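All chains are identified by letter, namely A, B, C and D, in their written order; residue positions are counted from 1 within each chain.
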């Protein structure tokens, strides 16, 4: 296997006007296969495209006499005040994008001050990530092994590091048909040390191989197991239906994470944003909701919060920031989204994140 | 008339990622007129395009906690277990696409193990097709002659070969305005031996001539005739309305085949998939439903089954597979759709075909 | 003023597959200004484009067991059997398209056997057109003069020639903003002898000048005047609202002509086809309905009849036929639409024009 | 800072067919940064594009028997008869477009005879504008200072000049994310003398700096203050919600100005035209409504009036007219819109502006 060389940029990123700017620039610094893996979606990419378009299905009406000034995008999660309700989504193998890998992104998230979600498929091992975060809240995204003893061992490690929550990804029990990866004959050029017990050698393995190493057969029992064994709050990620909401909460889930995996899993399904309102109705404030899949703008953050999300997570934009500017690039992405969010808050007439959550969007009748 | 030379490829097809890949590649190996005949639709091709787009009118919501692993796409039809609920649609004159003609496609269908539907306008005679199928279930698609004695004779031959069902095509009593064929001045370069009694010489005849040789005036009486004379289960193909459903079933039809003939007949009508739900409601589980027109993806198969179909049929993709890879290419097309279907089943949370049939799609409000 | 030279073609038109083929070919044989006048619409041409797209708002569902064979598109109007319910719309100055002018189109209409509507702005005088029609039914489209004595004189001439109906155009009391004409600095290069009493010299006059010469202030009283003075059946053309339907019928109109003047008058209004159903509901079978604006296909004819029209009229396609093939070209256009209509009738399951009128289209929910 | 050189054209503008013609031509005569500032919208320009498209959501149905001739577009505002219900929207710094600046536009508005709205950010001081208007009605658009003593001083000046109304812009308490300006590194090359007390030096300042100098924290109290201190009728500009309508009127507003600031402030919100009907319903004829954002056609004026507006305002088209033809160009823009409006009035069957206000548009079901 050819040696893998990717970006080693460290920011600041110049001339960075919005997060859409980053993808074509990241394409130039990340090797083709790795970029394809990060950027592409499943099948015809219908769902990927919908993830973006769907934000136009709801409209923000300016409220202009709300006595707002210097709106405050900060929010408190588990007693920790974060700069904005925008957190890092779990993304596999940050070393695809920048030599600094998860260390770079952890530092960027720390500097911005928000929550970092560590992927099971990280290209850096858990203790190093935790150390780089310097006390910034860390959550752990879990792809289950078929072997519960291995799962227990991973949970033990997670707990020992003081990680705050476990996010069980449930929408990727097999890999989606990532045709770009097939055409590029993409195999992972880096290892995934966190899951080395069930995936000892990641280098040279395809995405399907990697997903195939994890557990396919997920049900409420797995949530119960992880809740009981870990004692940590468990969020279920990849939820888009009321049925799954109820199953998850009944099994002890402490949060619901609405996502379609960035359009990377099941093509022909809805935009995650279109599902959010259904999920929020089913959750009915019983547990917090995290939302990802398509956030590229401050207005998207606003619309997701106004549709029931408590937090939003960003994946690709942060990874592109990492590629183009290392830890500083990651921080800039969060800064940019926050800056846009504040502008939207001011113009929409919302002083606080709580105001956004009570804000009523208008349905776009003309789509 | 110029000698007709088409592909004689025998697979496997390389770099075959999805069935959409095949059409432009088939265009390079099939002579222009023949390719135009296969690929094109009627009129402005509005209905042809809708056949594809319509699948986005319904959305698959991932159900992520359904305890699914290695989903089983097989289904049992008349006591015969087939690999997937995906069968071969009747398509005229396979020799347009590959010298092996129906022999090649029959072998491919046999190797995959599903149902083969023999077109009245096959370029190979019945016994040879049946022999190539080696016991794989065969159905016979019937274009009626104006002369019932000829029809009886054809039915006698069909029965003698042990063919299991008769599919009466009712939506092509005249040919659609296939303008591509007109522009290409397309005439059939091969004979159609099954209907030689009413169409003795197919070579050099236009599509309109061929259709004009068959019976125009179809009604419930024709269904009664064929049911009574053959004693076989008769499906009526080309149904999109509740009126036709009821007429057909009342006349003894044993199945309903929803189709708009691949967008080749009446332009300005709906996508077949959009009609499926109306038909399913009218059928109300009285008889099985077969669906064709637009299936290109495993997710399309899933959506059709979840909308009331018991089986789906594919035409053009299989013929392109035949052109590019002979019998092996046909098999690969069925394999690919099945592989995609299994992935969708896993991600949607459905273990069996029966689970798909009970799965509830979400209407896409944003089209 | 430069001498005006246009096509003098006399058919048959070769390689004529559908009426859409004709516009780009006509553009090559008609001088630019004249072609722009014929082809263009008002303003942004939104309404012009909608005229075409709107036919997709309703869908024809094939009815496949209706016992149809050789469907009959003929219909009887005032005791005269015409070949199809497709008539010639009034169009100004046929000499723009072909030296034969209205003589050519009259002969074509005669040979096809349908109704000819003579425009007030014809480039040939009434008696010559009537003579060329050789007994084929002729209707007269009227742009009122501001001077009723002139109107009476024109009516007298019309009656003396045995013309059967008067069509009062009411939607063009000023010219629409035909920006293509303005950009081309188009002025009429031919005279309009029928209205020479109020527009003595048409050559060199702009469209706005010509329209400005006619009467602006139309109301129910004008219908009453023309009904009473002429004693002929009077149709009101350009109706799209229930209000105008009721005003016209109450004032004695014998028919309603739904049209938006081919998208040439008020941009920002609906497709004429979208208005047809509203008008049909308001008319409620009290008087016949003629429909124009956008008919390019047999399926359009079918959809208009199934939406309440008794006859449809075609303008531009016939004029393009005239440009490309003189009288024969006009005939070919009617033949082509009729051929397509018959195919649609067969596939939709309708034996007669009356069957079409009772046929139920399906609303397209996906536009 | 580089010397700023822009157009010094003085009309008439040649070959001016519709206002859409002007933008690409203005782009050639206005320096890039200034043109970008004028033409661009916020963010992805979704809302900017919607402003134009939204007019197709409502359709004008021709009423053809309404006895209309030479329709009268004039209307009376505060006892002053203006040529058409089309006024000048407040636009910053006309000197960006033409050396004559607000003097040129004031003369154009005077010659056409309509209402001139003076922007707080004018590049010419109040008395000179008032003088150039020669008695033509003038309204004053106000961006509040954070310091009410400055606000009082400005109001004193406004009143002293006999200005008739104050328009409080409430939708721009911060600048929208005008990414074109960021990419162009646009800073204002001209001063803004009216607000020099709180923005002493405009030259070289960014849009964000300028907006940041004004007051962010607006509420009903500010309306009360300005109403009470000025004694003038106060309109609130930037209203799109029923909540703001009620707050504004309850606080003493004498008019509501529906606008989304030409798509320049909050991207991801609705077209202003789509909001107009909601606002009109909430206002319920208690106060007059002015509408801007997207008016480019006479049909747009008509549709806005028929949707509840009493007056419409135009911004960019007038500024482009100024760039291309100075005062004469401004006048031509108003003339063109009026000419189009008259044509629409005639074809829609409305004799007066009041008739338009009682005209019922048809919802476009097909968008």
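We adopt the following convention: a contact is a pair of C-beta atoms (placed from the backbone, for glycine too) under 8 Å apart; a residue touches a chain by one contact, two chains touch by 3 or more.
Every value quoted in this text rests on a predicted model; they were computed, and no experiment measured them.
Undergrad: Centre-to-centre on C-alpha atoms, which chain is most distant from subunit A?
TA: For subunit A, the chain whose C-alpha mean is farthest off is C.
Undergrad: Distance from the CA centroid of subunit B to that of subunit C, rounded to the nearest Å?
TA: The answer is 42 Å.
Undergrad: Just the number, please: Cα centre separation of subunit A and subunit C in whole Å.
TA: So the centre of subunit A lies 60 Å away from the centre of subunit C.
Undergrad: Can you tell me which residues of subunit B touch two or more of the remaining chains?
TA: none
Undergrad: Just spell out which pairs of chains touch, all of them.
TA: A-B, A-D, B-C, C-D
Undergrad: Hey, which residues of subunit A end up touching subunit D in the complex?
TA: Result: residues 15, 17-18, 20, 55-56, 59-70, 297, 299, 302-303, 340, 343-344, 346-348, 362, 364-366 of subunit A touch subunit D.
Undergrad: Per the contact definition, I'd like the list of subunit A residues that touch subunit B in the complex.
TA: Residues 43-44, 46, 50, 53-54, 57, 170-171, 173-174, 176-177, 179, 182-183, 216-220, 222-223, 236, 238-241, 243-244, 247-248, 251, 260, 265-270, 274-275, 367.
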